[in-house]
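Below are structures written as structure tokens.
Each of the next two complexes has subunit A plus one more chain, namely subunit B in the first and subunit C in the second.
The block that comes next holds the complex of A and B.
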């Protein structure tokens, strides 16, 4: 699985981007986007903001409280987007691109002929990626919580004017995001 | 053309392999390839007429909505799904701003009664003498499409409603039939277009011969049968190429294209309309729907015939149970309408009148005396009128027509001309046929079936009947003996996959289709709904899909408001079920019908505005995901997703709930798709619609307020040291769009091809090479690659300079080259902003 983690300012300016792969189940932590996917990622993330805003300002699904973690909110083809909103309306977006096997796309050529093909296999099989499964949601949440803590520490730096949409350049922050990614995703 | 058969969503390719994809434009392996690759002759007026439907890209189309969306008309919390009861409940009458009724009318006019035409040899002979190779059918067809004047139709409760745009479709007796070898109706998209093209050519040549033989049409003539998606793709591609090569010059285009969005409908391209129209033209005759089954049959004999009454009897029996009979699943006892064709010039009117009287005595009320002139008419004659073009030709037919005209050296318009009096006579005939025979007959049948079949089925006993059918213990005990319970208890022939025409299910389906064609959508909806459960119990999946499809469409076409709940619960699940049952549940999937379901559903949902537009976009994306369209359809529907999202305007100052970014994203995807297909004009149009959505003003240097702030921040952080300019939020996005612009530009230049003489020295180099290459496509293609890689280079300018010399002037003819582009090049140096 490949991930693209992006922090966006309230005005849709990207403040931080980090690409990484999964470290679970023998993953080496390197993102495996194809070049076309890599070019597309910013567009997908940016278009997901429409849904983020809708979920953010729409009627609350959890009674009363407004959660920071909005869970899985959007999907474009095989890319799943999860979101976390901070108090300052800074959006953390995590784009997940599961491997093809995890989507049931590469299961033999036998299904090639039938239109049923991929989708029938997609629904039933086990071990397929499911963005709303509790385990996935929990892992992403832990990752976001960790990053959020580091984010708060970063923006407390008096020399860092996050209000002006300053890009995060701190290598420490990047290292910590990478550590959180390695730990949870 | 790839078949795109499996459901795996394929990620679009991006410019990393853009140059690769530019090496491989559409391959046409047919002998027509050399033809197709040539730029079209610009001076062929007869050809031009064929492309008229898409040629008038801007203006002139009726538009009922205003072009600019005004947020103030959008009710309350429109952005929250389920938050307000008004959500997406808009009636089709009250359209959201910026939307036209065009597609709704198109869909209404697509499902109309079909009337078969059968004429005797003498009539065909006489019409061929008039220059109508296609005989009576060719003569009548254009006039059936729109019945002059208002047509009043009574619905099931007896209330009359008048329609201005009612029409019927004249078809050949065995048109629309599927060849017996492929009963599953185009079980797959053909892999390559070449055979289809060959076939089309062969047909266009064979057509003349087959029609010389006139009556002996035991051979099905498939070219009037639609429902073949690759053919539709091919046709739209032809139109696209035509517009590409015959568009205005670049410079005027550059001047004009600022005004274009104001004139035309913001959302729909003429090519998409054409695609839809051809999708709905020539509906195939199938067992699971009766739209293409004839409602009536016109039997025409000439007054020259010595014994017209006898000839009519012969034709009738030939058609009723002879070799021209429709297949088993088509009901055979439809209305027959008898026409005596009188020749004004050689015939004796007294004699004709006498014959006509005797015809009336024999056959009753449904007769008409059609008086035509037998002489050929030429355009320069006094009161000659051109035979109108058929709007609802099938794709195959139009393709054949285009090819015929392209290959012929004759530049005059081959369309026959008719004297004015003929036209009037035919108009009167068609109106009489529709108003006095076809519509009342359908009304009567609808009422009859409603009373006899539907009411019984709906009543208490009917419910019990269907219950007893489902659970054999409740039914008669004799059922227990037969093992396949479903087969024995239902009327469904699971082997042939049809219901016999007399079965109550078939009658009800006919009732529903009739009421749909008569635009009584309420009755249609309730009938389809009952049918849906019946077919479900019988496991007649194709029939089930058909009922679900039409239920969804009639629910969406019904004029009343549709609550958001019933929309999401019923319509969505119906569309879903139809698309699924048409493809995945079939032994022989019918992607054409699935495509029709989704495409119509999406258009009608889109008209309902706001949150329904979200669903519309979802269905459009589903079309792409299912892979049931070829490259042209892919690009068109990608564009459509964008326009569906664009219709959703937000509320308040922040425009919450709008889908601006999504619309922009899909528009960029569409632009990219068009570039890959080689359509620069379309691509540019998409890109130009995308950039304003991103808040980037294409032309002006003064950006909008929000863009300024965001850009200023972006710029500050990127420490570019540049003045305030409008760019996209992500630098990668900007880079991507700049590359796309470059690609469009080079594509445009290449499409212009040889028209570069006397341009700047930069193009001179390109020019000479083109001349050397001649018109040979292969060489030109390699040239293109060279050009493409050059322009896609990191810094094209420096590269060019090295070739040409230090003082290369700015190219004059490079087309819409905005200041932004220059900036973009500078920006590209700093791709990774960290």
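The block that comes next holds the complex of A and C.
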């Protein structure tokens, strides 16, 4: 299972991107995107931003506050997108691409019939990947909470121009995101 | 936009190998700042701005700009410190946002909530936040030719930062001294009485943009 995590400013400027793979059940934590998929990811993420803007204000009968975790908001082919929106309107988007790891071992990069059938049937790897299951949502939420804490620490830096679209360059931040990914995803 | 980290041969760590990410966010939750230190710094900020501008409006604008990034940061920080961090919520309507400012933000900055929050009768996009004795003005004395200046423009900048960060674009947040008898109609009598008791009483006028009001209406109807 491969992930692409992006942080976008309220003006849709990407501030940080990180790719990783799952570390669960023997995964090695390395993303397995083909080069076409990797090129497509930014488009998929940006197109999900429209949905974020629609959903971020909460259900219309809200009492005046909406949760920060927007859960699973979009799906494109085999990619699932979840979102967390911070108090300052900064978006954390996580693109999940479930993939059959076993297939990668048997036929090197080949497209097997079952994989094609798997895509149509929303299956992939060991059983169906259900993005709205409580376990998945919980894991993704914990990941987002961790990254959010590190994000708040980043913006507390008086030399970091919040709201001006400044990119996060700190290798420490990247290491922290990777550690959170390893822990929860 | 690639995911590869930049090479930073110049990245240096302090001698105890701790970065800003090792600091606990709640570390300064109950910390207090020396008032004298703040007053000293604030006076320097005003004279710094004064040397570079001509006119009161520019000076207030400078103070506003200095407070703006504080608002952006405080919004996120105070939201993380609210009761239950795992059920994080953010304000999506005007009234909860203003209450957040008047209560949580004011308590964080001045150790007391703001005194009053009203919606202007004449202009529905304008909200007024009253503070009887703004802390920032305590050690500032205004010369007669500058009596229209209100240095709480700095706090107005903080409020503007919070509103903009939360997605409620404002046309501007300005600070006015109530003693000037501003405001129309029934508000005038109230402000007159207020001005006698609290000579430094300040009103923060928050004017939201049209799209914010439209969204508010749509959300209210739904």
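In this text, the second predicted complex is superposed on the first by the 151 of 185 C-alpha atoms of A that agree within 3 Å, B and C clash if a C-alpha of one lies under 4 Å from a C-alpha of the other, contacts with A are read in each partner's own complex, and residues count from 1 in each chain.
The working rule: a contact is a pair of C-beta atoms (placed from the backbone, for glycine too) under 8 Å apart; a residue touches a chain by one contact, two chains touch by 3 or more.
What you see is a predicted model; the values in this text were computed from it and never measured.
Q: Taking the superposition as given, does A:69 touch the first partner, subunit B, the second, subunit C, both, or neither?
A: second
Q: A:37 contacts which: subunit B (first), subunit C (second), both, neither?
A: First partner only.
Q: One more residue to check, A:58. First (subunit B), second (subunit C), both or neither?
A: The answer is both, since A:58 touches subunit B and subunit C.
Q: Is A:171 touching the first partner subunit B, the second partner subunit C, both, or neither of them?
A: A:171: touches subunit C, not subunit B.
Q: One more residue to check, A:78. First (subunit B), second (subunit C), both or neither?
A: A:78: touches subunit B, not subunit C.
Q: Where does A:50 make contact in the superposed view: on subunit B (first), on subunit C (second), on both, or on neither?
A: first
Q: Considering only the touch criterion stated at the top, classify A:14 as touching first (subunit B), second (subunit C), both, or neither.
A: both
Q: Where on subunit A do the contacts with subunit B and the contacts with subunit C coincide?
A: Subunit A residues touching both partners: 14, 17, 42, 57-59, 169.
Q: Over in the complex, which subunit A residues touch subunit B? Could you list them?
A: 8-9, 11-15, 17, 34-37, 39-47, 49-50, 53-54, 57-59, 77-78, 105, 111-120, 164-167, 169
Q: If we count contacts the way the header does, which residues on subunit B are in touch with subunit A in the complex?
A: 5-9, 11-17, 79-83, 583-584, 589, 591, 625-626, 628, 654, 656-662, 664-666, 668-669, 706, 709-710, 713-714, 716-718, 729-730, 732-733, 736, 833-834
Q: What does subunit A use to touch subunit C in their complex?
A: Touch list, subunit A to subunit C: 10, 14, 17-19, 42, 56-62, 64-69, 85-89, 141, 145, 148-158, 161-163, 169, 171-174, 176.
Q: Sort out for me which residues of subunit C touch subunit A in the complex.
A: Listed in rising order, the residues of subunit C that touch subunit A are 1-3, 5-6, 8, 11, 19-21, 23, 25, 69, 72-73, 75-77, 79-80, 85-93, 95-96, 164-167, 215, 218-219, 221-222.
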